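Here it is: the structure, laid out below.
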């Protein structure tokens, strides 16, 4: 169980320098725009008796500090993007650069190539020096201009690399595995007494990182997923007994499948990892689908890639280079099962299977994610300049916060079945209460 | 000052009926999806000593109740949309209808024509009976299929109208003025002992209603506003000493101007009602603009319609049919002042003025707003079916909540200058700290 | 070889009625807006000696006739949409309806359900009576509100159906197979002496119907295909030796693959049915791809579904319900071949395969296609009202024209390798001259 | 009247060099992709007797020549963008650069800053050397990365500038005035015996340049204009007797207003320069608008900026820096007249006026325009490399062609009232035949 002391952030040392940010208001009646370590945000917003320990759990608020640890003019920072693509990576790179270079006056900001691989000297990959010309147009582009790669690298080799290049601050943009790597970097760095601030920025298109309410990329994913669902709906309605089957991302958490279903309002069955569903029997998916076709003449099914994995139990399990369990393909599995089911019943259906995957994650960030990216990136810069380390930027109750990385990587975040989101799914489609 | 008792919601009476919603999970280990009146959400999420009275302010959570006040099969509901357009109105209408008709089984849902005017019998406007065929495609359309109008109508006449047609529930979608009208309706109805539930759904593209964190329509407005700012930026850069001047909505609050500036990352000056700015003098806007042109060759200015109204002091003040103060046109004013300033200095500039107004508010809702609309609408239905009245749906700390309307209409919401949003503006543009 | 007499259009009889269209200008100096049968459009616009027979080939211009065959108030028309979806079907339905109902005053316009199947009485499918309320919003929707189906039906059964319901005019929207069906309908109808006008409207997202320069749906397909190519490019650049492989539509003709490559300017290899390519050897695709990766670090390949079918020679060949040859999956084939090739060379690559298919064809029509649809649909109405039959609307040299259906179905249209389009592909990518 | 000799293109001299373009097919059975001067495209595609002189008018086909005038390795080229913005300018710049640099091997391509002003030495503006890094991402951006300016500059000063920098080829992207400037440059250059190829690329968002069927930018303008019309329609329908009035571009020609009306299918009155309309009287616009409101309750009016100028006769007439006549503001004029008319009749209306202007012209090019830009740009490069001068790229009957600039600037192109486009407008709205 999470304890208050698990939520205390580490610092490299005392903040002896005055922030160069011009955040004091000229007019005396306005509050300062600086934030303070002592201000903490509750994790639980439900009114509870104070004796309830959960009522006291809180996280340090993010934001610029009036006193900082690093002297900007003598600081070198670097940023690395790891793992699969998510809309907004370039926006994060751009805002990290602008905040450091323009606002703090940090003269040297490096872009590490191709993820953690680019932090090892034997990869042969050289960091690039970021400039205003280079980063200015990138916020309109999908992907990451730095490239990415999957998989861990030895912390020793990476700290060697950082020290050899005099890097004082490293921003690690990535998912669970990346944050674990950031934690290892922070520990190895501290072990050597190297005053390097390691600050994580969470990247999870699935929205499944703890202490992050809406990860950047997620809203864009919903937008694109809803477009694909609309196509599936159009296809389903265009045929006699048409079935549109859409596979969406979501290894452990069904946020994309659920959110896109609510956005589109055209989905009849939403299958997510958090809610097991029977395939066969009167209460199963196949029979429910048959009933839907009989009454409405068409149906749309959305399935998260991590849903229904129990159906594959006993089969071999593979992992990708980042160590993520490779799921069995539930989309193709359902496509085949449904086809077979209706064939056996001599019930002609027209099934269209859509698997948009890369298309969804490689597009530029939408308006909501652009704000998220900018604020996460600048919050990360403030944390780093104040000497915080081993910390990831999170969000809770409409505030950006500092989360100690160990607390992040020991948690996992899934969609609660009692949440507003899942209830919204159930209210908009008519699927059985499995 | 707000007191806890101001935040207690009124009810028409005891909830004697069982909800027809199938929200109990089949599997015993899962929580029920029903919400309870006793669950309340804190308004202030900062960790404070319990003795601090603000720490105790809270609102009743929204959501479906297990026991309800109205018998669905004998209930007639109606919905009315008032005031200026905002993206998402049709989505609200559609989700209110579907939740009532499909989920609760309410057989008769009426759409009131053209705002409160359509609730008066001498308007000659007849409500339309909403059907699945009618509402099914409307979530892809901007505007409101019911039409709208501005201005108040006598509560007596409207309650006469509701009683004459046997309407048990009325949903009032609109801004401050509309909610004031809803409150009057609720009072007049109670005075007569008419058991009519009046539930407000806040509509404010400016995002300036209290107890609503992100009003529907606002995110879509940012998206469209950012497109226009991008055009202004392109125009400014395409000319020698090009100036792009964009006027955006925001009578009392600068949320749209600020948010769109953060989204676009291309704005040099963001002028909002909350932050007065000097026009003349070395610290004034005009001199700062001149410095910007000298160093960068182009500039983009975004001004909220309510900004700089102090510059018009002493002039006549007009009001629209809803009683809103009609602002002087700050956009045209700045356009003329800037042109004059540089003409006097013999400094050739190419100023392009963009005033997108209607274009921004009449588009279909984007993905984020579609979720907001769906959840607000269904929350409103749950509140009404449970017999709540004189209540508006709000949002606080990531939860939808019930807000007594009197608490709403006595508050006003503006952008705090110490907020993350305004700080994000200042961090992304280089404007002076006025 | 095509002869001038092959291009003469058939008529049901003399045009004895005056058109109700108000197309005479009030001012005497303006030309009438009516078109005449005697006006013909050249098929070949190159300046040639008149003795060259191709110089004389021409088609009757489309457009409203001043004298018409049917009496509008006594006419019943119907429209049927067949085969796979293409953006713009609903726009065609809508404009056909409006032109008939609003402009000509035809009181009864029927929508046939689910393609030619809906023209057989034993399908049990009933036509729907189109109304303004029904068609008004459909131009913003993808797909077809009438539904579709694949495959031919007996002409006798369909003419029985038309006669039983008193249908005077039938619009057949579909591809090659559909036009063949329209021709059969026209012949059977004439055989019986039934004065039914059968008018075809070409639908081919692949743009491969003869005598149609830009079929509706094609421009929209390019737009969506280019979005997917952009995602593939982003993926390819985001990885070390990233390869983005995109399969696009195009059974017999590479117009979509070629056009989308020119739009995106990010494609390195464009593979189309018209240009065979070697897979192996120094001049083959695989070696060229390896050279590209070595020099640039990433590559994007676009392959039309009908490309490289010679690679499957000798394997079994299947057909769909419309009789179209089912192609072997060249996309999956290339994905596997490329993976294998680089594995054998111990050259690590990151291949991302995108197969957007349904997503591209199910979206609403874009601006260009909306104009095409409107003009094609209204041209078809004019042709039908003037008693033309066995005719399809085509386009040549910027004019809409009447094409006798037999001339259409005996031709096939592919992309010429000496065309501007294919040259544009070769100029924008660096692929070998296979 | 146009004579065949007016359509002969000038050349700098004999083409003594072999083209480096690899456009011969490897396989012997395929045609070469090179074009030849002797191939000419008919201007008139209607079948006419050969004795008709119009039947013989033709233009030289554009495209790469097998023999060229300039030696690529010793050639310096430059490109200049003039006048108001139009979507696609950056696409043109990019494709001109890539064709020259990548395909022909021209090592030095300069970008002239801010239009013709940047071709005068006393402007102080220096050309920039274009590189792959610089132009690679610009096709996704609106505007022109080179900047623009209005107005003519002395041909002598500009040829001095070209000679001083050793520029052999100049591409002039702009409208009528720009092409007149290009002609002057070509004449001055020939007078001096300076072998400089001057090639024009037509830019006209209004689509009003002769010998250019669909100018780049026009299709994008339709797309954005249709979005604004949709907003106007939504506003009009949202109010009681709502009127949406939209002013669009179109000084001399109504192509944008007409095309956008056909796209949107929601316009009731389309007012263009080519068709005068009475304001008052039973047949006038105001009375027709009143009838429309009485029958339908709302109306949408689209007015081209050059429409109804006869209403201002006798007032002062101003010109902009490019010498274009500044029109009186017909949009504001109609807004006031309509308001006054209904006020006098005590007929309450809600008029919403939308003037999107800059927003429409500053966006990135859409898919159709991207193809146009690419092909126009590369055609211009081929013409220039072959030593053509005083020539503009045009399009006729689906082919790109070479047009002698004097033939362009003495013609003017307006929308013919008997065209398919205007007929489509009249068929989709119900406006009187003025």
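In order of appearance the chains are A, B, C and D, and numbering begins at 1 in each one.
One rule holds for everything that comes next: a residue touches a chain if its C-beta (ideal position, glycine included) is under 8 Å from a C-beta of that chain, and two chains touch if they have at least 3 such contacts.
Because the structure is a prediction, the values reported are computed rather than measured.
S.K.: Would you pick out the chains that touch chain B and also touch chain D?
M.R.: Per touch definition, common to chain B and chain D: A, C.
S.K.: More contacting C-beta pairs: A-C or A-B?
M.R.: A-B
S.K.: Please tell me the distance, in whole Å, between the geometric centres of chain A and chain D computed from their C-alpha atoms.
M.R.: Measuring from centre to centre gives 45 Å for this pair.
S.K.: Nearest whole angstrom, what separates the Cα centre of chain A from the Cα centre of chain B?
M.R.: Between these chains, centre-to-centre, one finds 29 Å.
S.K.: Between chain A and chain C, what is the separation of their C-alpha centroids in Å?
M.R.: 42
S.K.: Chain B: which residues touch two or more other chains?
M.R.: In chain B, residues 141 touch at least two other chains, as defined above.
S.K.: Which residues of chain A touch chain B in the complex?
M.R.: Residues in contact with chain B: 21-27, 30-33, 39-42, 45-47, 50, 56, 58, 61, 63-64, 94-95, 98-99, 102-103, 139, 213, 219, 222-223, 226, 259, 262-263, 265, 366-368, 370-371, 374-375, 378, 396-400, 417-418, 420, 422-424, 426-428, 430, 432-434.
S.K.: Under the definition above, what is the set of chain A residues touching chain C in their complex?
M.R.: 85, 114, 117, 141-144, 147-149, 227-228, 230-232, 234-235, 237-240, 352, 354-359, 362-363
S.K.: Show me the residue ranges of chain C that touch chain B in the complex, using the header's touch definition.
M.R.: 137, 140-141
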